[in-house]
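We just call them A, B and C in the order they show up, numbering each chain from 1.
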Amino acid sequence: MRSNKVGWLLLTPTLLLLGVFGILPFIYVLFLSFHQWNPFGASPDRIFIWGNNFRRLVFDGEFLLSIWVTLKFAFFAVFSEIVIGYLLAQLFMREFPGRAVFRTIHTLPLIVAPIVVGSVWRLMTTPSIGIIPYYANQLFGIDINIGRDAGTAFMFTVIMDIWHWTPLVTLTLLAALLSLPKEPFEQAQIDGASRAQIFWHITLPMIRPAILATVFIRLMDALRTVDEVWMLTGGGPGAATRYIGLHIWKVVFPKTDYGYGSAISVIVLYLTLVMCWMLYVGLVAPRNKGN
Amino acid sequence: MRHHLKAGGATLLIGLLAGSMPALADFWSDAGAKFQGVTLHGVTESTPPSNYVKDVLAPEFTEKTGIKVEIETTSWDQMYDKAIKDMEAGTGIYDMVYIEQDIIYAYLARNFLVDITKALADDPSLKAPDFSEEAFTSFADYFKNADGDLMGLPMEAFIKIYLYRTDLFNDPEIQAAFKEKTGKDLKPATTHEEYTEIAEFFTEWGQGKDIWGTTAQAHTGHPASWYEFFESIAPTFGVYNWGIDADNNYAASVANGGRMNSDEAKAALKYWLHLRDIAPPESAASTWTETATTFAAGRAAQGLIYGENAAWIASDPEKSRVVGNVGVALPPTEPGVLEQVEAGEGYIGYYDGGAFGLPITSKNQEAALLFLQYIGQDSVQGPWAVAGSRITNTATYDDPAVQELDKKLGGYFTMLRDQGKLFAGAPPFPFHAQVREATAPIFYEILTGAIEPDAGLDQMAAKAEEELTNLGYRK
Amino acid sequence: MRPSNPWLNVALWVILSFTTLFPIYWLFVISVKPAVDLFTTPSVILDTVYWRNYVEVFHDPTLRRYMTNSLIVSTGNAVLCSVLAFMACYALSRYDIGGKENIFFWTITNRMAPAAVFLLPFFLLFTKVFVIGDFKLYDTRIGLILLYSTFNLPFAIWTLRPTIDGIPRELDEAATVDGASTWQTIREVIWPLAKPGLAVTFILIWVFAWNEFLLAATLTSFNARTITTGLSEYVTTTGTEWGKMAAISIFTLIPALIIFSMVQRHIVAGLTFGAVKE
């Protein structure tokens, strides 16, 4: 290993930037989470209330329900995206005419702003006059009402997320596949390994860090989703799609409950962190230590 | 293009005024001279009246006074959040903020706003000769503090009214069919019973024709549905101010003296849920926007629609299929309620709108006062009323262009003038959004059918009291 | 990979592209219809085209300003994050820095925060803390670039790390033996080999910054407003102007597509590991 000074030097700008814009706001939010503060309460002052916000959280049915539906949403969305995204990335590894064009087409959903994605899907799914419910009814006699049926609304938020974010997975996994050395694959083919064997014993272990990184990113982004769902369902019907990002948004924006909102954010941050840490320790870290 | 024409009209009007009263024209340039180099910043919701301020009135003002004005238009939530952050943190970014009628009490409680009446009295050199608080309609009363001083300059005002399709209601065949079915003449409903009957009739008659009997603003995850019930339906059953009694320790439940879960409220909810069930299927995903579009697309025979949308539904062929076929009427009420309201107790619907306020944290208060007076003058109101279908000054009703539009709107402006007193703004609560958001999740569950209406209202009343206790209003 | 008929792949991609493109096609349909037509029986085929939305959008100078801001902020953010992340990943991959795996994990925690609450401290930082004379970070493009880095730099570090780790150390060592300095090694060996990963990282960060809404909406006011915040002006209580919103969105696809095709070329530049064999 070479001089660590150079290493630290290379890291400094990153640490500095994240330190200032990452840690300072977090300290402030942590500070708020121990206070009762609603500018439009009978008393608009900040009052220190120890851990009362956190105690309230444990018994808050709305919050717990929101965590549950968010986890469900994140699981279905991220899992599908990783599987579909990986398959598409593999398809892009093949040589065929017009590959660049198809790759560009496939990245298009990423460029559409979430608020617009939500709007388009909302118009496509408006009961009885949106294109999807209309043809579902005309062709198959199925009645799709996103405003009445919780399951349908949930399903559409997942489908919308898959449509919007699978290209991200495809791209990151494609980059990982492209940077794999060729020899192990050639060797395996010479040895007569089946495609499944190659996948499980060579490809998967080699791109595991990239898959994990992608899962992390998608997972934490899915847990923070606000704009698309806000436009599509507004969190309804009932609380069926009131995902935690949207829930916090409703606590902080219209209700202006900054203290309680901060407490929820701190807990959500903590839960996300623990979840990712467990994944990380279990799957990535041991491998890196081995190096 | 349309804006340019209007701007031309307004300039012409000002030009005429300036010609007859040169002293007035001088006031603006003299007053503006003191504030050269000042740029005023405002934040407002991007609605037609606000866009008119941004595109027409602000440039006009700049031309006359030399004071620059930058108006930021954005979505409602953003506007509200940014204004509050600015005023709460005291950063002084904004010199003008939009105040929706339902948030004024919260701002007043926090002393966020400059007292316009007092500020003008304190410095007479700032008082524009053509500006008078007397010129405003009674809607301005919602923006006055306890002393009767003006805290916000009214700029947007409309009522939520009963719209019906005149082409359907006047069709002899339909009339005959209705008579045969119900034994009554087909005319706009005055009671809930009649309204339901008409709605049921049209939903049945309209099968296969894509016509339903009523609109319903019944989104299952958006507060629009909550508002339709508490501000438009419950009052017509005699339940006012969301059923919360401010004079009785903010009680909401019947047990404590409130009326949120009273028998009347429960009857109102069941009435409305029934209408929702016979409204077009998209109603379960409809906010105020979509009910208006549903009506404009010709998919509903009648409905309760916000006045700001009534104007384009009745007059803009690019957005509406029912131009020229729109009638307006008072919302139907329960027997006895209208009499009660006319006697001065309660209201039958929502009188909504907003004003421009001057935050106490503004660093350019004098210049901002000039701008507020500028947009409050009678002389700029006519084209603004036509562009934004809003009327805040009494004299505007007599403007020829406004009267012309009124004819197209089936007499909407006349109703606003003559019957506006039957409508009321949001209750004077400083905790508007807080209690709404606390109870709305239960309301959405009622809409999805997860909770029975009666039990739901009981839960909502309890939740409202809990939230009010939490906020410190209910002792 | 197993050789297969290339035209089968093409056929498969055509089908897949339909799925991908349909919502975008629908966005276009929305943009060329008057509002009232959106609330009637839908039809997949466009019979009449209504260009009014585009005309209005095209003649709006504020939207051009928003677009410029968006381009500057997204590109600036993508360049800053890619470069910083490249440096950081090289350090994490090649140097024996104490606790580096913890540092690596810590960086990503910055992306986990739910944005709504953090708006308040950001607002205070931007209006009260980072103030030099008349200059505030509030409502500036540089403010947005720095702010987005909080979320995008961790992302960049995490997507680039596998790429840099995957570049065999023998190459560094060979370069060092040949007498190359650290800087030369980075520039001439690592950077070219990391290009596919860098290109993907750049594109995705660019997209994140281009699409970000909540932070930009709160922390800009007039000068630095981006196109996504401009879109929210069409969601109002009097009605969502679907048509204009869709027209602007279609419009914004153009610069994004240009940037994409410029950067995407580098994705295929990979597969150069033949170097190790020789």
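Quick notes on this one:
The criterion applied here is as follows: contacts are C-beta pairs under 8 Å (C-beta built on N, C-alpha and C of every residue); 3 or more make two chains touch, one makes a residue touch a chain.
Worth saying up front: this structure is predicted, and the values here are computed from it rather than measured.
Note on connectivity: the fewest chain-to-chain touch steps from subunit A to subunit C number 1. Distance from subunit C peaks, on a Cα-centroid basis, for B. Annotation: 15 Å between the Cα-based centres of subunit A and subunit C. Annotation: 40 Å between the Cα-based centres of subunit B and subunit C.
Shared interface positions of subunit B, i.e. residues touching 2 or more other chains, are given as 81, 282, 290. Among all residues of subunit A, those that touch two or more other chains are 126, 129, 251, 253.
Touching two or more other chains at once are residues 38-41, 119-120, 124, 232, 235, 240 of subunit C.
Touching subunit A in their complex are the following residues of subunit C: 1-2, 4, 6-7, 9-10, 12-13, 16-17, 19-21, 23-24, 26-27, 30, 38-42, 44, 84-85, 87-88, 90-92, 94-97, 101, 103, 105, 107-122, 124-125, 146-147, 149-150, 153-155, 157-159, 161-163, 165-168, 182, 193, 196-197, 199-201, 203-204, 207, 210-211, 213-214, 227-228, 231-232, 235, 240, 242, 245-246, 249, 252-253, 256-257, 260-261, 264-265, 267-268, 270-271, 273-274, 276-277. Against subunit B, the residues of subunit A that register as touching in their complex are 38-44, 62, 122, 126-129, 145-148, 150, 233-242, 250-251, 253-257. Considering their complex, residues 34-36, 38-41, 52, 119-120, 123-124, 127-128, 138, 217-218, 221-222, 225, 229, 232-240 of subunit C touch subunit B. Listed in rising order, the residues of subunit A touching subunit C in the complex are 1-2, 4, 6-11, 13-15, 17-18, 21-22, 24-26, 28-29, 32, 88, 90-91, 93-98, 100, 102-117, 119-121, 123-124, 126, 129-131, 134, 163, 167-168, 171-172, 174-176, 178-183, 195, 207, 209-210, 213-214, 216-217, 220-221, 223-224, 226-227, 231, 244-245, 248-249, 251-253, 258, 261-262, 264-265, 268-269, 272-273, 276-277, 280, 285, 288-289.
Within the complex, the subunit B residues that touch subunit A are 77, 80-81, 84, 88, 106, 109-110, 218-223, 280-286, 290, 430-431, 433-434, 436-438, 441, 444-445, 447-448, 450, 471-473.
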